[in-house]
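In the two complexes that follow, subunit A is the common piece, with subunit B as its partner first and subunit C second.
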Partner chain A sequence: MRAKIFAAVTLCALLLGRGAHAGPTETFGYGSRSTAMGGAVSADASDVSANYYNPAGLAAAKGLTFEAGYLRTIYGLKMNGRDNFVDPMRGITFGLVAPGAVGPVPFAFGVGLHLPDDRVFRVRSLDQEQPRWEMYDNRPQRLFMSANLALKPFHWLEIGGGLVFLAATRARLDITGQFQVSNPKESELRHEVDADLTSIRYPQFGMRVHASDKLRFAAVYRGEFQLTLDISARLDVQANALGLSVPLLTYITTNSVNAFLPRQAVLGTSFDPTSALTLDFDVTWINWAAYKSPVTAVNATTQFNPPEGFPPSLVPEKPAPTVVIPPKFRDRLVPRFGVEGRLPLGRGHAFAIRGGYFFESSPIPPQTGGTNFVDADRHGISAGLGVRLHDLTAEIPGDVKLDVHAMYSYLPERLTQKASAANPIGDYRAGGTIWSLGFTTGLVFR
Partner chain B sequence: MGMTSAASAEGYEAIYGNPGLLAESRKKALTLGVGIARHALIANTDQASLTLPTDEMKTIYIGAALPIPFGGALRDRVTFGVGFLNPVKFLVRGKILYPERYQYPVVAPRVQSIAVTMGIGARITDRIYLGAGFEALAAVVGEILISLDATGRIGSRTDDQVIAAYAPIASVAVDAHPRWRLGLTYRGELVGRFALTIRAQDLGIPLPDFNVAGIAQYIPHQLALEARWSSVDGNGALPANRHGTRIAGGLLYRMWSRYPGPNEPTVLANTDFGTGSPPIDAHDTISPRVGVEHGIPLSAVAGFRLRGGYALEPTPLPPQTGKENFLDSTRHVVTGGLGVVGDDSLPFQLDVFAQLHVLQNRLHEKKEGGCSAGTCPSVTSGGTITVVGITAGVRF
Partner chain C sequence: MKRLFVILLCGCATLASEGRGDVDLPNTLTGPFRALKRAKTCSDDVCTGVNELPSGVPNGAIQYPGNPPSRAPSALVLGGMRVAMYAARADAIVRMTSEDARTFVDAGEVIKEPGADDPCAITVPGGVWLYYGVGDGLRVAQSPDGASFGPAARVTIAGEASVPRAPGVVRLDDGSFHLFYAVDKWIAEATSRDGANFTRVGIVVTPSAPVDPATLPEGVRLPFDDAAVDDPWVSRTVTTLGRVHYQLHYTGRDLRGGSSIGYAGRFGDEGAFEKREGFVFGGKLFGDPDGNSHANAPTVARFGDFALIYADFDVDKAQKIGIGIAPQRRLLPVDD
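And then the complex of A and B:
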């Protein structure tokens, strides 16, 4: 029976076969407890944050759990001492874990959500030469939503995997009608759209091994992910000017990749030297070398045969297409450390204090040429507090918890020197700080 | 069950049908499933018979009903539910066609969009259930600026956002008698809009801003009123190990008169021209529906379910007498399904279902201006839509 259930649920997870990782959670964490511990929780998380850090941990949830919270970042990223006013990231977090058992096998279902205040996600691309904070400008501006399954086939093993909902955009546009060259606003045009938000799915699998009551190990794999925006437009109109009517046919295609997240592999451990103390360590390999340029490749072709007498100044030009320069990012290893001390307050209540640190070396090579992907190494220092109140009222048989966290990121200034003195952007220094503040409150029914 | 739900929904399906009835779920339940829809919609003229090309749509269902284990006065009263209906290939497909192209704006888009629903149901008294929730749909807004860069090459700046559109769901169910239940559900309007502004500069010709926009998905305000009778006392689900029958019937009102049609003007500044077409002029509809479920015990711990139903879906669109071809016909929907369900000692459920939508043949005689001779012939709409699916659930 146990083997059948194991096989069935594993098959179910494999069929779903798709996991979740995401810009906002990768950069600023998910859940106040885990974020306060530097995100080093792949072997430790069994709350809602396990939906991101390691879905296997859901199988160890203590009871039906609901969590909600809010996250806000404050950027102080500068170039040459001037603030770049990077869009702040802010949004609500919500999640649940529903543990139970299928026959004798502990089983859990989890949902995790980070929803930005202003949008589900954004695809944004800029001119190739325009400086932008590649890791922070747009990448965190998107939804993280995953649904996960986990089970505990043996007392020492938990495994899990999940499903995410995100989309790439493909659109075909067609515009026809009468185009008034001398007064474009009086043009009588109509359009047709065939657009798809195509489902993107990428795998995430995790496992956690309990070597003893005090020592746990974890391994997590997250697949590659990218948002693409491919638009092809056809303008098929009659251009009217000076009493002449001439067919004008233009094709424009734009192709861009945004919010690229590379493959990741995480190894982690969690150790409880005492019942009041937990030490966590993770190391993450991130395949940034596969990064694809977010610059939009644009191509435009026009068929226009002006009759005699048509003003040459109104004949459209034929511009050259974009040449996208490969970004040539490098892989990196990210070490993360976390610690949590717990203080019992009696009657099941408890107080916790947490801290964490991580270091992210920049994967972006020196920008000596035409691109300006601005970045710097990042030291992340985090801290947090938590309180857990047990059996507070008869209506809530379990815990009410509140966690708060703050993360300070320091990006030491990095000098970019251009190979050519004629480069229009020139040399620059870039660095700064990022504050991330948040809270998570939840109910854990036991 | 004939797409009845306001008084008869069970499990996670109650999130949409009547979230108040979520409160009947007293064990955590997770359901996974898949459905396939095939459209065979016609546009026949005197000159040609045409079946519109439509992709087969595969859809994944994921749903969970999670009773919240409150204690005290709230014990066994509140259940949370979440559901995802996710087309395999797309989150959203938006086809906004020229009005003269043959298209079915009412039925075609509805299976081509992800639907996310969340709800909570509460048993207020032993006979009254209240529920609330929301349904979410994706919409796209954005801007593309095309211009020449410093080197004279064409480049663009893109800012494309997917935003969420939300619609509330509110419901009440009342057990008027141990065998009779009444349900009332309201679902708000949901608009999935595609809106892209394209600006082109420095291309040597002065182009207007192109407002490439339209409504790709539209779900009108809805109000469902339904009654359900059960042959077994107690208005919950039929016991797995007993014979029993449930019959549900009701009306679904849809406020299609607010539907603005799929098209929007390309050049916003030219208000005189607009979309180049008259308003779509849809009208409200009332859809009657009826369903029946019969339970047969298979053993002491499992039972068999046989379901069937019928719904009449009047068309909200007027005959297309101009050059436009927003086609639709009144639909007859016949449904059927089978299921196997276990009791708490065998906490599994397996269901299969099928729907056949038959669109009445409807002649759209072209009478009005805008059609030069032979360019827009009278057309007959009709056809079928078939949907089959399977869901498997576990209670834990």
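And then the complex of A and C:
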């Protein structure tokens, strides 16, 4: 039975290829236990959340594990004291860990999934100067999916990794036909769309070293990811106006980057001062300096030769090409702290209480010019409870888990003072709060 | 299989609802302005779009009541969407009112004087002051209610050698006044303690330098104000960070005979203004058959989270008025 499940899981992973790895987990955590501990679990996670925090931890799974849960955020992000009604992020989480062995070497395979219940992922193309909550508005609105392998070659060492991918898009749109300028309803236009989805791959690796029974160290690397969207359009029509028919040929190309996820490196430690207490600490370097602007670059070329008598006011104007202002984000270090206290309840049952804290300094420089990537420093405080019931029924030979968590993020108000008095957006204040609530329930078969 | 999976994901993505993360965003309400329009279309009882202008009015072509048509408007917001509009008509300044800021009722002449033009109405404690230009300079008249004005007084500007025209005035909380006016092809500033006797400060807005079209990058327009700047309309606000912010809209005239509305800003109560590149209102919608924009004489009315700009466009001397809105994404439905 176990071998069949393992085979099914492996087959599933191969069909999925490699997972899509993206923003909701880095912003709001993955799995209630790990999120409740402030995400400081790179040296501590061995459940499904290890698919994100450190795939090496999968090798320490105690048995075949299934987990499912739900995550919901509530934004209170404001500019100039007015709520911007940023779309909340919500979705189900699911994952599994399937341990086994390759000869004498313990081996595990894991899959993790966060699936938004409103959309799989969202791409937005906004004007360059439009203010937007760059870290919270669009970036978390996407799928997270990860598939990893882990080995334990020595009793003191676990290593793991996976490849991650999503699709980049290239599309071509052709419009041909007759266009009635005075009455567009009478136009006869033909459309042709040709879209191509190409995959993007990047790696993630992790390792965990057991210095002793009570002390563990971890290192994790996550690669860079970006979703590029290239669209070209060709408009080849006869424009009819005032009894004149004029050929109009326009090429438009757009290029944008969405869902950029920078490279990250994590160093972490986990310490058990007693059998009932775990203390965790992580520090994450995030390469935000490589951030690509999400602004869409547009180029248009028009061939239009109006005949004698064609009204100049109807001649289409050629739009100026977009000059994308470099975002010039800064790298940042994110410290994370977590603590878990466990209380045995007898017969293998246990109760846990957890807490965590992290601080994210904003990587976005003061927006004094033409861009308005709105952000503020973030203090994250989290707490959670967990119950583990052991051998609850004969049909479930193992543990039943239920974890809940709440995370409160406080973004102290950040002031943006424009350098130019001619700026259309002007000065503003930005800050607010974010609540994130969730639960995870799971089965661990022994 | 993998590709099919990705395609399905992308397909789902296209079905998602549009995000709301762009509500109540900061904006100076200084433009660019989008022309109000009639965009409602119905087919088989299904209607899409909204009309922002009343029935029978084509896009951007409202005409003030009365004959001959009025020109050079100056708006005062009375509360809600109620607007009092002062404008020049023949040798008079007339007052019109509107309940929706778009359709106006003629309330009659408030100033009768040969050559009266370019009014600018401001509220002061206890009433409304109306500045306007005549052939030899500027005048100011006072009213307790904005409807009936006493005799006008001459406005003096010490240090100004040329004849000023097209006044735009702001009153500070300390009771002093800043006057912006057109002189020759520039916009100048003067200050006063009493609102009638001013002292010239200097030129604060100048035309852009002419550009050789052959040197322009592809897609970049020629300056819209390389011939002259004119008709200043100014407001003084305080930013959310407490900085004094002067917002000045003006007529920019180009060397090709067209005109559009430009914007310049200044932090603080003194100094030169910084102009925004490109016009904020104008273009072909307000142009002549040759495609030249003819928008001029702006006034701006602010209504909380949006602003309306009113500007003349005098194609064929029809003296119609264009109305634009900022932010451009804001819709302003009208019941009709």
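The definition used in the following text is that the second predicted complex is superposed on the first by the 424 of 446 C-alpha atoms of A that agree within 3 Å, B and C clash if a C-alpha of one lies under 4 Å from a C-alpha of the other, contacts with A are read in each partner's own complex, and residues count from 1 in each chain.
Definition applied: a contact is a pair of C-beta atoms (placed from the backbone, for glycine too) under 8 Å apart; a residue touches a chain by one contact, two chains touch by 3 or more.
None of these values were measured; they are calculated from a predicted model.
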item	value
First (subunit B), second (subunit C), both or neither touched by A:Leu415	second
Which superposed partner A:Arg190 touches (first subunit B, second subunit C, both, neither)	first
Which superposed partner A:Leu96 touches (first subunit B, second subunit C, both, neither)	first
Contacts of A:Leu64 with subunit B and subunit C, given as first, second, both or neither	first
Contacts of A:Asn423 with subunit B and subunit C, given as first, second, both or neither	second
First (subunit B), second (subunit C), both or neither touched by A:Thr296	first
Per-residue contact with subunit A, leading partner among subunit C and subunit B	B
Subunit B versus subunit C as contact partner of A:Ala50, first or second or both or neither	neither
Contacts of A:Ala36 with subunit B and subunit C, given as first, second, both or neither	neither
Touching partner for A:Met135 - first (subunit B), second (subunit C), both, neither	neither
On subunit A, the residue positions that both subunit B and subunit C contact, one per complex	16, 118-124, 126, 166-167, 169, 197, 199, 300, 315, 317, 319-321, 424
Subunit B contact footprint on subunit A (complex, rising order)	12, 16, 63-64, 66, 96, 98, 100-102, 107, 109, 111, 115, 118-129, 147, 163, 165-167, 169, 171, 173, 175-177, 179, 181, 184-199, 229, 231, 233, 239, 252, 254, 256, 295-296, 298-300, 314-317, 319-323, 393-398, 424, 445
For the subunit C and subunit A complex, residues of the former touching the latter	1-3, 5-7, 9-10, 12-13, 15-17, 19-28, 30-32, 217-221, 239-241, 243, 245-246, 263-267, 273-276, 284, 287-291
Subunit C-touching residues of subunit A, taken from the complex the two chains share	15-17, 79-80, 82-87, 118-124, 126, 130-133, 137-138, 141, 143, 166-167, 169, 197, 199, 300, 311-313, 315, 317-321, 415, 417, 420-429
Subunit B residues touching subunit A - in the complex, by the definition given at the top	28, 30, 32, 62, 64, 66, 68-74, 80, 82, 84, 86-98, 101, 114, 116, 138, 140, 142, 144, 146, 148-150, 152-164, 194, 196, 198, 200, 203-208, 210, 212, 214, 216, 263, 266-267, 269-270, 273, 275-276, 347, 394, 396
